[in-house]
């Protein structure tokens, strides 16, 4: 019976329009990610996969994307990720393939004074573009931080407005880079990093540290950019910061995109 | 031809299960809301409408909800809102009806020192429950504010962490209450209210005001509650506050629900 | 130094307003959930934890919530979940505690004809209310399904509009219930269940099955309700269905809340 | 006093990093949009505004963005929109400016058989890039449609799976183009357009029309592309379609970006 069912997707198309990207989105799948310490971390990812489609094919075969994703079992190891694009190119007979994984990543962090440990979560994404034998990998870490306004500090008799900000730092690199190191680079660029557990001595410490290190949203992206430019394993980066201003109901943001230290 | 099309919804149902609420959701519709100053404000609302369904009917008539919504034209005046539920009860032959409108509401506010004017937006919702001749109306204002942590201020040599918070304040009342007054009540309960335009002298003022008025999330809901209890036109209220902590990646929240000053 | 830092939260409060619920929200934490097959599944949860606060205390101790969450390590086992509320009652000196966990849950499912396996994801939540020695646990499964409109089928010469719907089914029970069984109950109540991998013979099967089993949103909640009423381990349930109508830009929805078969 | 407050933003910066874009985001503001019929429509927009920042300035002046937005009053007329960027370039002493407005747009549409009128809502955005005297304007319409699967129809004995899809169609053009015409172009490219009010004869009509016009997500973007290529007022376009598959819990999507008919 299988052979009798019309393969509509394989029919020719006459409109002469090639499709840049066609595939599936918003698929949830378990993922195992390598940790700097040597272990592996289980998490849950939201997946998108796509290929190009030449003008003469009517449609792609959507079920093959999901089959390729499952071809290594019901849990994806991050090591298999670039292999995925090779399989997509092959199974979908495509010239270009694109896959992306977005997932929460957990880091256990000690409070700065008491040393109490707590788990911090960060949103991370991997994107792979494949074309023939070439692979282009981009990693993005989304890092929440505290920012304290230099202007507010300078003009006020006491206090300074501060708030949570979110930094999205994307990099392309020459040798593998640890997620933990990218997050650390961003956290060192803010007024203060965030913690999940803070006892009173810790809260005193982070309050004063933020007050002593005021940064505009512009400073935040420049601090990240200056560090990224100095690192010779980074080929390209883009950093965007968004401050959820505590004095406004709108957000401040800034973006810088530059070649990295290896260029 | 119209009469020949089967009316599936009107067929009897044998499962013996009455439905509490059935209707439509996530409908967008233009709305005109009264302002305290006497004018009318045009905005855009997200609408939900529902009725109960006795166990012996297979289905309700979904298109009638939308027809009732349109029965006054292509713009809903807030004065017609409670009339809507009466029409729903009638057209859908129901015992109970429920409608809700969620919309942005704009207030022009002067900066505290320079007096520069800016437009602040607030999310507001109206909900009407109707049963026979009874109408139960609830208004909710969602008000963004600044909160400064009393503990951080007390233990730190300088500065204090602060952040944006969001207060959701729902009230039922004896006589009509202005949206503007509910928002004002909440803004007066926080460390500082928010503005859309702040020049440097204004920023100095709001920074110092917040520093001088530290509130925990608990204080914030209690400040709102104390004011609401004192107001004899409020019959019932619920206040929830959520702080987007600038030292954590999670939020702090608190909730109080109480009879109002008229009870 | 620890003892010298002011404990602002412990100060007395004069407003006389008890707080219903105060705590933390939107915390991400790794979670391990039991599977019906005997295994354990690693996933990622979004956590909220709260307690009541008597009127005479100024504030709760927010860091203790996170410490209690971490007290069993950096991964929460679902078995420890009700123990959590006991610890919260104790550490926060509270009368009532509330914890909730929302997480994606994965089930490997075979396509109906070819048997090809694919991983389906479902959003699940656990909520525990604790008061003294009493525990009240509620489990909710959010199950995406296909619904095909009975009216559209009855009146049309060919075809029938259908769409994705989302059923949220919450239950309280007498003995532990498997997540997998709750999901199955919902999937059996729709026009057709969803799959992640479908080859052409499978697609033919699910298309025809949906066409042969039309359900209104009202039928969907009644089908779930009829099954839940018949199950003597369910004490109470609430089912809400929302259809993302393929002929409208708004959604249809229905809700039923009833005692379960054990009542 | 104004002159005495430190202007931190005006201080020199030594890091040598120019910022691509700095500004404000997620600001809500009332907007008036021209309708094809000659009238004006009041709606509510979410606004972002940004400029570039040379490497030698420490910060931009955030409050000026909001002042420029307000410079024409408390309601923005769409005619003033490109003037906004000129003012930004001037007030912020910038080389490049970027503004975007995202808003719901309403169209009254008659049901296909009964002619009953209902209001449909569409998300629309305007983006202007300005550099010196040059202006580059892009309009995007987000149009919900119905799509019916050609493969499912071809292989099934009865019925065919269909679902809501969302098409995002962005264009740059030589002469002003009406929002209504862009939406119409997209609606004509799908299996069937959506309506807010449909009586039974209308529902029969849209069900059969969708069944008679099956389109893959690939067909949908190609149909839009073919029409856009034929229109000599379009200079460039990008069309993305996403189908909320009724047989899967993930979405299918496709993207095409091409020069328009005027190139």
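Note that the chains are named A, B, C and D in the order they appear, and that numbering of residues resets to 1 at the start of each chain.
Basically, contacts are C-beta pairs under 8 Å (C-beta built on N, C-alpha and C of every residue); 3 or more make two chains touch, one makes a residue touch a chain.
Keep in mind it's a predicted model, so treat the numbers as computed, not measured.
Novice: Going by the touch criterion stated earlier, list every chain that contacts subunit A and also contacts subunit B.
Specialist: Under the touch definition, subunit A and subunit B have C, D as mutual neighbours.
Novice: Taking A-C as the reference interface, which entry in C-D, A-B or B-D shares over half of its contact pairs by residue number?
Specialist: Checking each pair in C-D, A-B or B-D, only one repeats A-C, namely B-D.
Novice: Taking shared residue numbers divided by all residue numbers at the interface, is the value for subunit B and subunit C over half (same) or under half (different)?
Specialist: same
Novice: Going by C-alpha centroids, which chain is farthest from subunit D? Tell me that one.
Specialist: Following the centroid criterion, the farthest chain would be C.
Novice: Given the two chain pairs A-D and B-D, which is bridged by the higher number of C-beta pairs in contact?
Specialist: A-D
Novice: Can you compute the centre-to-centre distance for subunit C and subunit D, using the mean CA position of each chain? Integer Å is fine.
Specialist: Going by mean C-alpha positions, subunit C sits 35 Å from subunit D.
Novice: In whole angstrom, what separates the CA-based centres of subunit A and subunit D?
Specialist: That pair's centroid distance is 25 Å.
Novice: Centroid of subunit B to centroid of subunit D, CA atoms only: how many Å?
Specialist: Averaging C-alpha atoms per chain gives centres 28 Å apart.
Novice: Scan subunit C for residues touching two or more other chains and write them down.
Specialist: In subunit C, 5, 7, 27-28, 66, 121, 151, 155, 196, 198, 200, 204, 249-250 touch at least two other chains.
Novice: Show me the residue ranges of subunit B that touch subunit D in the complex, using the header's touch definition.
Specialist: Residue list for subunit B touching subunit D: 1-2, 5, 7, 27-30, 42-44, 63, 66-67, 70, 74, 104, 106, 108, 116-119, 121, 196-201, 204.
Novice: In the complex of these two chains, what residues of subunit A are touching subunit D?
Specialist: Interface residues on subunit A, with respect to subunit D: 5-6, 8-9, 13, 15, 17-28, 48, 50, 53, 58-60, 62, 66, 150-151, 154-155, 216-219, 221-222, 225-226, 229, 242, 249-258.
Novice: Along subunit D, where are the residues that touch subunit C in the complex?
Specialist: 120-121, 144, 146, 148-149, 151-153, 155-164, 192, 194-196, 198, 200, 203-204, 206-208, 210-212, 244-250
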